[in-house]
Amino acid sequence: MNTFGTLFRLTDFGESHGDAIGGVIDGMPSGIQLDLDAIDAFLKRRRPGGRLASPRKEDDKVRFLSGIFEGRTLGTPIAFMIENTDQRSKDYGELRNTYRPNHADYTYEAKYGIRDYRGGGRASARETAVRVVGGALAAQVLGNSGIKVEAYPLQIGMVEIHSMSDMEAAEKAILDAKAGRDTLGGIVGCTVKGVPAGVGEPVFGKLQAMLASAMMSINAAKGFDYGDGFAAAGMRGSESVDAFYVEDGRVHTRSNHSGGIQGGISNGEDITFRVAFKPIATMPRALETVTDELESTELTVGGRHDVCVVPRAVPVVEAMAAMTILDALMIAGKLR
Amino acid sequence: MNTFGTLFRLTDFGESHGDAIGGVIDGMPSGIQLDLDAIDAFLKRRRPGGRLASPRKEDDKVRFLSGIFEGRTLGTPIAFMIENTDQRSKDYGELRNTYRPNHADYTYEAKYGIRDYRGGGRASARETAVRVVGGALAAQVLGNSGIKVEAYPLQIGMVEIHSMSDMEAAEKAILDAKAGRDTLGGIVGCTVKGVPAGVGEPVFGKLQAMLASAMMSINAAKGFDYGDGFAAAGMRGSESVDAFYVEDGRVHTRSNHSGGIQGGISNGEDITFRVAFKPIATMPRALETVTDELESTELTVGGRHDVCVVPRAVPVVEAMAAMTILDALMIAGKLR
Amino acid sequence: MNTFGTLFRLTDFGESHGDAIGGVIDGMPSGIQLDLDAIDAFLKRRRPGGRLASPRKEDDKVRFLSGIFEGRTLGTPIAFMIENTDQRSKDYGELRNTYRPNHADYTYEAKYGIRDYRGGGRASARETAVRVVGGALAAQVLGNSGIKVEAYPLQIGMVEIHSMSDMEAAEKAILDAKAGRDTLGGIVGCTVKGVPAGVGEPVFGKLQAMLASAMMSINAAKGFDYGDGFAAAGMRGSESVDAFYVEDGRVHTRSNHSGGIQGGISNGEDITFRVAFKPIATMPRALETVTDELESTELTVGGRHDVCVVPRAVPVVEAMAAMTILDALMIAGKLR
Amino acid sequence: MNTFGTLFRLTDFGESHGDAIGGVIDGMPSGIQLDLDAIDAFLKRRRPGGRLASPRKEDDKVRFLSGIFEGRTLGTPIAFMIENTDQRSKDYGELRNTYRPNHADYTYEAKYGIRDYRGGGRASARETAVRVVGGALAAQVLGNSGIKVEAYPLQIGMVEIHSMSDMEAAEKAILDAKAGRDTLGGIVGCTVKGVPAGVGEPVFGKLQAMLASAMMSINAAKGFDYGDGFAAAGMRGSESVDAFYVEDGRVHTRSNHSGGIQGGISNGEDITFRVAFKPIATMPRALETVTDELESTELTVGGRHDVCVVPRAVPVVEAMAAMTILDALMIAGKLR
């Protein structure tokens, strides 16, 4: 199932080293004047490059194929593609018959009996560029309704990030890990402001269930929580009450342990959640593994790789959140 | 959306103090000899009562209405209902116009403009009995294929549970909280054994995304992680490698940081995940809140309530896991 | 897949001679004051009995289990059941091992390897009572928005029905067929008034595709067309133009060859379509068939059966149309 | 909703005069060696050109973007695009503000408040090329399982087609209509051979409901029936019995009034159905209409247009049937 969403839907395609990656957005509201520069800027945030990221050059030049007329959305499907230009598939030849540990090579083979071994194929994080395009479009619609989604790094390796000096410590941790031929995990936080009360569906369609599904579909994500999250497990009920009060003619809560969602439905406060990521699976070390003929071997993967997924995961989390919130608004009939 | 699943689907209905709760299971494999006692036993595990749980008497007597003929499943929808017998709705009269903090009263009102204020209505945890029936049926199908789902308490309040003596400490913590008119949160763990490699779909249909959505749809759940989970955020890549080796003619991993899922697809190892729950929201204390006419007030909720959701959440987590795994097996065409 | 619809959804369950039939309606708008008498009146229209219909006594007493509070809809699932009281399953014993020609006995066995042979089981037309309840609820919502759905007999056997005297001829045709131990087919027409322009989705979600799927899901339906329908195949383009003009400030068409739908989307004119039904498959004649052990045999089916499906199909067509139109309105965001 | 299907799914995009049309096929079985020439040949059958068809030059050159590796399917989404090269949008300038009668111009405007007026935009029959690509892929999978789908003209204008000489009469009828600046409708038939018994779902997912939805989603389709179809309405039950007998160890029917489907499920006989099409809506005549400012006017549409949709609809019906049958096989778990 390569389609995400119910009324606002992204169908996503492409292998890392195939002709192109891309997607089709169905359910885009009509008549929206698109800001294509904003889409490019969003994409640029997840682009590889820079000291902390993979040196693979990706232009990530988006070509829109349909659904836009004279700069405005038609309400019909918006298809787009990003050509895979800098593929260097020769780097990956040694992976034809060997499964990289911690990757999807073996499970894809088990599922399909065939895989595109070049750069992870369909399982490559390159696919997240497609999500960012979808999220950028969703964010524009949300912005028109006064809703703002923002993701940010909360933790890189063991470094918790509360300030700019923490960012410097985090950057140092990344460089240290790189020097040690190792990789790091981390945590991304996200806040959504401006969602009206009443968005989300009871029982199975709870807003946190939609968000959890969206976030756990991102490569390398290992955990999701919202509001107090896992910390709530160790709290007392009396410590986690969000008392109601009235201000400006509407109901508010004095605290936000609930993370803006109660009973699966938004309560008008900020929606807050976190996504945990594991360390990047690819590192320049010899690792024990097996071939597709079930023979033991060792593998050292070369190529260009990130040390920590967090910096590039931030826009992906933000994009997935934007699409999820927009879809939930449309399902609830609350998109103004 | 009160339907869960794609090929194995549970449609769930009912308010806490309406006539009945129940569900319709569509996609049940045909020809399965049902063990109705096992379903009752599963339900009994989440039933209120006992020192640690709400004294509400619920017989939870399931009546099957369709889809079963001479003890075997027909492949047609299995509808079932549980009458609401011990409703005591007089306990709830004072809630007609006042929103309980931390509950769904306000958000339901915001969404629907109307709510059944008796006992939480649709948002009541009573609804989880329906999930347990669905899970019990799914577990029987899985059992026939050698797949076993088991959930267990991992943490109650601040007490981590590794042994029977920890359970005693946890029980004491619950009684202490009760004495202090307070409530506790906790964590439930779950392990699924016997899932073959190749189950789960790439990109948006990753097995962990399906599980996360299922778990985060449970009342009071605040977080989900799998494998190393949130702990992975602080680990180095070299610490979290699951090296591949071959034994008995198939691929295994030497460790299971991945929690049995790689690239969204099962790898044949045990699938492991955790669900964090917040403290029970109802406690016998006066709390600040507002009425539906936006006036400030205080509310002390009486009635019969649990102190910690974990004991009764264990079978609910297990049930949701069973339905999710069965659905994923059917989607992957791997149900034998 | 026993669920119909996207945002307004009916999940339907039950075998003809099981405990009960019923359904769960999800997506019902909240706050609707229900007219339960109107639902009963709708059901009565499809009830067996009377000179022209099967003498099976069915009270079709609907019991609502959830989703309604103090007479109004909550927006949560509305579950309902109709107990199967007059089952006489002894009539059906001889069908345990023999496939009735023209029925679903053989195909259910081929699909599921098991079937409830009593009265057609899941394939019985008794299931359509559930659709009528769903349609009655949908019709109330539509009525509140000024939309009226009406189905009517167009043809019974060879008799086309344009007037009351045609109805008498049709009634005579039914009695003649009954005397000849035979059965008749026919055609039901339907008109939907008051649907605003802009309802229906392009390409695969065309309004006529939704209606066709709904109608062809009714037992014994063999064909569907809308507007000029099959007759359009033999017309010239110049004969089938619906010229546009303006009246009362909105666009109208001078004729309605289009049946109220252009490009899959409503144009504000009356929506018109037809559904063709085959003769009732059960007739008191010895028919050549086989057993489930693949032996040749003859079978004469007793029991109580209709001669022509049209009289009882009229409310079923109307019900399916009401649910389809409501769902399409909700998808299009045009439900006021 | 621009996605068709449940397990085998085509998401379709593109406007007639946008950059490109195309689609994404999700759920394609993996490991299939693709015959790209067969896809081109299928497309060529619906291509404009020739004496009887629109002179618009469309190369319909398909470019595959993903999901294929070394000539075989990966099981991941297969995206493809067809560039719109011969667009001549200058022909369509006069349509910017005027609604063509019998077209979707007005209804798209009513739905979206915006439309691509060039060549029908999203509502153009050009979109059916995408369906043909999807159908060509599905047909290859079906062919590997011994299932063959074949569509053919049954009626063009008033000419019923039983033989080659009928085809000549039909061709003459088309030329006559063209000379009279008029257009014709017609009927396409389709037969599917080799579908095993047991495919199709009870109640709402009946195989005929799936086929009806698929066919009625094709541009200009006005009606669908299967087996005896509308003719069954005028038949007696005793005339329409499909007696069962056994041959070669499996159940057969002596006739096929049922069109290969009983109770919504295939019975192993040939599946037969018909699709009625209205006359082409565009003809070189002045027609009464209105502008988007609600002023009366006359419009004569130039450009290149077909006289009768039947010749080009044949491969489209075949393609939709192939995708529907493959999806139904996959849902039923009967794809071998």
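For reference, chains read A, B, C and D in written order, and residue numbers begin at 1 within each chain.
Rule of thumb we're sticking to: a residue touches a chain if its C-beta (ideal position, glycine included) is under 8 Å from a C-beta of that chain, and two chains touch if they have at least 3 such contacts.
On a predicted model such as this, the values are computed, not experimentally measured, just so you know.
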Chain D reached from chain B - shortest hop count over touching chains: 1
Chain located farthest away, centre of chain B as origin (C-alpha): D
Selected interface, B-C versus C-D, where C-beta contact pairs are more numerous: C-D
Distance from chain C to chain A - Cα centre to Cα centre, in angstrom: 45
Cα-centroid distance, chain B relative to chain C, in whole angstrom: 38
Between chain D and chain C, distance of the C-alpha-averaged centres to the nearest whole Å: 26
For chain C, residues contacting two or more additional chains: 1-3, 12, 76, 111, 122, 202, 331
Chain D-touching residues of chain C, taken from the complex the two chains share: 1-4, 6, 12, 99, 101-104, 106-108, 110-111, 122-123, 127, 155, 157-158, 177, 180, 182-187, 196-206, 208-217, 219, 221-230, 232-246, 249-251, 253-254, 257-259, 261-268, 276-281, 283, 285, 287-290, 294-296, 331-332
Of all residues in chain D, those that touch chain B in their complex: 7, 76, 202, 331, 333
Complex contacts: residues of chain D adjacent to chain A: 1-3, 9, 11-15, 18-22, 24, 26, 30-31, 63-69, 72-79, 81, 111-116, 121-122
